[in-house]
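Two complexes follow with chain A in common, the first pairing it with chain B and the second with chain C.
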Partner chain A sequence: MTGGSTSSPRRAARAPYVFLTPFFVTFLVFGLYPIIRSIVLSFFITYGPRSQTFVGLGNFAFMLGDPDFWIAVRNTAVFAAASLLIQLPLSLALALALNRRRLAGRGTLRLAYFSPRLVGMVFVGVIFRLLFEGRGLLTTVSHALFGTDLNSSMLDSPSFVMPALVLTSLWLYVGFNMIYFLAALQAVDETLYEAALVDGANAWQRFLHVTLPGIKHVTVFVVVLSTIGSFQLFELPYLLLGNGPGAGKAGLTVVMYLYQSGFISGDLGFASAIGWTLVAAVMVLALVQMRLSGTLRKEA
Partner chain B sequence: MQPQTANRPSRPAAGRVASLREAAGEWFPFGLAPLLILAMTVAAGAYLLLHPAGRGRADLRMWTFANTHWDAYRKAAGQFARDANARVAVELVHTTAVTSRLRAAFWTGKNIPDLAEVEITWAGTFFTGPVEQIGFVDLRPYLVRDGLLDKIVSARLAPYTHRGRIFGVPHDVHPVMLAYRRDLFARYGIDANELTTWEEFIAAGRRVTVARGGSGDVYMINLAATASHSFEVFLFQRGGGYFNAAGEVIIDDDLAVDTLKWYTRLLAGPNRIAADPGMDGPGWVNSVQDGLCLTFICPDWKARMTELQVPALSGRMGLMPLPAFSPGGRRTSTWGGTMIGITAPCRDKDLAWRWLKQIYLDPAAAGKLMESTGILPSYREAWRLPQVSRPVAYWGGQRILADYARLADTVPAEHTSPYSELVKGQVGTAIANAVAYYRRRGEAGFDRFVRRELSALAAGVRDKQRRNPF
Partner chain C sequence: MARLPRMVLYAALLVFGALTLVPLAWLLVAAFKSNEVFFSHPFFPPPEHLTAGNFRRLFGELDFLRAMANSLFVTGATVLVQLFFASLGGFALAKYDFRGKRAAMVLMLATMMIPPQVLLAPMYELVTHMRLTDSYLGLIVPGMVSVFGMFLYRQAMMQIPDEMLQAGRIDGCSEFGLYWHLALPVSRPITGAFCLLSFMGTWNSFLWPQIVLQSDSRFTLPIALNQMVGLYRQDYGVLMAGTLLAVLPVVVLFFLLQREFLAGLTAGAVKG
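== the complex of A and B ==
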């Protein structure tokens, strides 16, 4: 009854191409062209899109010699490590807790833990900024517990900027990653647990030898995704630290360094060089993670 | 029975849809839904092409980022429509977005307003690149032609002057005074009139802060420990700056080093008299209200902000000139600023200039803006308006605009650069590092540390300047 059914076979054969055309046109214009253009740009010093001077690998050399770049790399790496070592174990622990069948209010708790992700990064950034303000909620608690300065924003202390970013990201992402683990846990074969129980395995042994291997693929996926996400960190420090790198540049991330170079200093060429360096670094890290986990071998 | 009854009226409609499908299928073989989507896409695209964003039927488009300006300019636009028979569309763009949107507009040549207001920190970023590609028009010929150049505070033209061209007319002067709690000064036996030098101010501060055992419940002044905005007030007051008129970075000169050391000692160490509860937001409001800090740096824009955000202190606040660094020295500085510029692609620059004069360089209009914003205009003629001498009850009946006007001609020049924002951010870091060092080690090696910090900062900026061929 559709138009397609009344058309000639030749027309019908063209149909898939017509439907795919919008995607390909969009991809060529907004995906492939910027990718190729940014590779070319990375060999130029630019001011905006119209003024450029060829510098070969000069942008990469300057970047590697710029102390700010290394501060950004260090901050980003610290955040990524914190994401992997704190956030993911917490997500897994939460998923294990909320996977128990007898837990009352399981659905409500799952929603509650996942809900921070629904409110959006901007909202979270603004709210946490207020909490860290002088005499804000967290500042008051910290003052009561550790005797820190009540009147200054905690974000004004260079040593607290990174912990603040990690804390905020925990609130935002622990519940989100929990969903992946929860889905993986529900896919683990129940009979394996029963067999392990019959063999006399205790809870820790069952976790180590049944649960972990059972959720390995999802874990690798979450680890790679979290690593990539951590290296792309921008919005959270940008919002939390008031559009800048924060006290002592403790919140300067690689993408913020890229943004400042490209969109404040106007050097899109240098920003492209930073972007491609980031792509290379993330690819290497992802490959190393997949290799270490054995995922690559299995795929091969 | 019921389903039949319910279906009956829909039969003709279903028939119509089916026949529509068949008709559409004859020349568009992929179905009715894709056809509708395509039709909507084409219609929306055509609408957007035929109605470019923003301009509408306006003769001029202007961007501003301040709510108070937006209100005042929209009112002025009504008058302008009658006087010049021209419509002005005044668009409010968020402070953070205005610079990035304007930069993107200049780069792409699309959706460029005819006039735009830009905040002083960001102004320099628009003056980089080849001169012929700068997005703003040189306004010097207009200012000279209309005899206005000498009527604007010259120090305020400096931030918007680059390579000999004036790309923006300053909206304001932003002279700085010190806001203080009259009631608390009286309680602690401090006479504001006697604090004519920073030495006297610090001595009074120590009497209050140190004599109370450094209990942390009262400080003499609110200063930023990790950002540059209050540090630069002192640096400018002493005649220093981030850049000189030639755009060279001078943040590592002896004056800057000495100022940073002096500033750090206010914030840290045994003689600390300053706290950092923030310069805005709840932390700042609480600090003023609770009397945590007896004074804070207060340009004219902050005076109005204080009135609005801390209304409970009406009648209990006062404003005094900044103490000088040496007897008889400069008693003010400057903090913040806004320029207006006419963009290069503006089609009717004379009309844009006429509008600019109406809102910035006309005493009556400037007076109205001054009433709504509490900001002293850079156009001197406006300082003679009656509203300048009006007493303000909030400030204990003090004629604060007249006080600001008395200081306005002595405000120091602030030279900007495309790297201003970068340097300000890095100076904030240097302050944080200096404060942390001084807390840890005091005077031992402090001079060397500060010199090293500022030298490294300046060297980094010089590297960036050197490799920029534009």
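== the complex of A and C ==
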């Protein structure tokens, strides 16, 4: 600071606090207070926002004894596993295929793969609901290929609800995650490939020893992000299955369970207890994933 | 690579790209299909069965225009407010050294880790006590300050040389003036990226508006459309016409801002 006038440096010292005031205010009111309040709420049974009874750990006990909760946990876990094991490898494969310098129309293809992400989750639900309807496009294709029933909605069969969710989210996210992998691949140092070629490494060895280590950070980022996203799954099944858990509750997710108990049945205390259970589960998973990737690095 | 595998690879990429576009192409056609042929022809009906009648019903008896106007208003207001606070906060983090800066940034990162679902119940309670239920303030105010946006702007504004700001100060520019006349205009690419992200997030937002809004006349597009799915289950063409109109603005905005957007999206991930 040159300090020509006395007021300018003082103003400069005060300015950042003024500029960040909106953050601090909204953080206190809509961040810190709700977090504390939701811890408190999780020990109460509430009826709408105005009446409450202390139940200690009763909410958690009830939740763990509720078969619906376990259905929701199982469905959510299956969906998360499918996302990681089917969706991400597909995204990576797509990125590898696209990552060639002289590929005609690469930009257009990238745009096509990414385009589903522009459609909001809500609207995806509405569209695919009709695609899976009796005599709908996907039902017709499935009838032609596998001889499944043509005239009733595929979503009416409990065993198809989860595959339908996974398929829809593949459409929605494979291209989106591909963007991350592609950006990472383009940042891998070219000279490493040349060095590997000189050393006589074949394509698979180059992938294993140059590409994979090069994109590790982004991979961990995408894995953690899509795990968190999977555990927050709500809107897609809710809309796809017509504002409910679907046939045989096969599309009931943890957040849908939270929404139904908190905002349909009006028990905000119970909803908070479910919310904190979800947070704990997601944090443990994310930490395990990051730890696993950390140990892998040490071995390498 | 040998010639044949290369062709196979290319063909696979094209097929996959085409498959990705099928549901969107289907939506485009379905919005113009009359109900009689909606399922008798799963994709293309005979051309004489394509009609603008779905849109006429949508804007006539179903008052869809109102939901569109509501969504435009809420989204426009949210994007402007978020842009302003995110860029202002980002400027403070990028170009000032002040006591408590590190702590503030750690706090901000911590808030990004809180899953929104855990806040749902107490936020609903809070909004009820503040008498903001069924109002747009209840939608806009809680998410006014985007921490993600602040970090995005911080990254961009760190490139601005200090000498430039000093020169501005000597010329008698206020600190806010430095932000408004200098830092903000220089960060236009990030503004493009953040604008699109903020627009998409608000435009497609369902859970919170579903909880806060109560009267039909205030419903935004996702809520109105979800209600229509319940009330007019069998009016498939009308539902798809509504969905098409709901999807279109995001697509248009994306094509206007796509270069900034794709760059902004991956910038943090790759460097981190």
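Some observations on this one:
We adopt the following convention: the second predicted complex is superposed on the first by the 285 of 300 C-alpha atoms of A that agree within 3 Å, B and C clash if a C-alpha of one lies under 4 Å from a C-alpha of the other, contacts with A are read in each partner's own complex, and residues count from 1 in each chain.
Following the convention adopted for this analysis, a residue touches a chain if its C-beta (ideal position, glycine included) is under 8 Å from a C-beta of that chain, and two chains touch if they have at least 3 such contacts.
These numbers were taken from a predicted model, which means no experiment stands behind them.
Of the two partner chains, neither chain B nor chain C is touched by A:64. With both complexes placed on chain A, chain A has more residues touched by C than by the other of chain B and chain C.
In the superposition on chain A, A:171 makes contact with chain C only, not with chain B. Once the two complexes are laid over each other on the shared chain, residue contacts for A:208 go to neither chain B nor chain C. When the two structures are aligned on the shared chain, A:292 is found in touch with neither chain B nor chain C. Of the two partner chains placed by superposition, only chain C is touched by A:140; chain B is not.
Once the two complexes are laid over each other on the shared chain, residue contacts for A:221 go to chain C alone; chain B is not touched. Of the two partner chains placed around the shared chain by superposition, chain B and chain C are both touched by A:130. By the touch criterion stated above, A:116 is placed in contact with chain C alone, chain B being left untouched. By the document's definition of touching, of the two partners only chain B reaches A:264; chain C does not. Within chain A, the residues touched by chain B in the first complex and by chain C in the second are 1-2, 4, 8, 11-12, 15, 18-19, 49, 130, 133-136, 243, 263.
Every residue of chain B that touches chain A in the complex is listed here, in rising order: 18, 21-22, 24-26, 28-32, 34-35, 96, 100, 103, 106-108, 125, 128-130, 133, 216, 225-227, 275-278, 281-284, 286-287, 292, 418-419, 421-422, 425-426, 428-429, 432-433, 436, 456, 460, 463-464, 467-470. On the side of chain A, the complex with chain B involves touching residues 1-8, 11-12, 15, 18-19, 45, 47-51, 53, 58, 62, 66-68, 130, 133-136, 149, 151-153, 156-158, 243-245, 247-249, 260, 263-267.
Contacts from chain C toward chain A in the complex involve residues 9-10, 12-14, 16-18, 20-24, 26-27, 30, 39-40, 42-43, 85, 88-89, 91-93, 96, 98, 101, 104, 107-108, 111, 114-126, 128-129, 141-145, 147, 150, 166, 169-170, 174-176, 179, 200, 203-204, 206-207, 211, 222, 225-226, 229-230, 236, 239-240, 243, 246-247, 250-251, 254, 258, 262, 265-266, 269-270, 272.
Considering their complex, residues 1-2, 4, 8, 11-13, 15-20, 22-23, 26-27, 29-31, 33-35, 37-38, 41, 49, 94, 97-98, 103, 109, 111-116, 118-123, 126-131, 133-137, 139-140, 171, 175, 179-180, 183-184, 187, 217-218, 221-222, 228, 232, 234-235, 239, 242-243, 255, 258-259, 262-263, 268-269, 271-272, 275-276, 278-279, 282 of chain A touch chain C.
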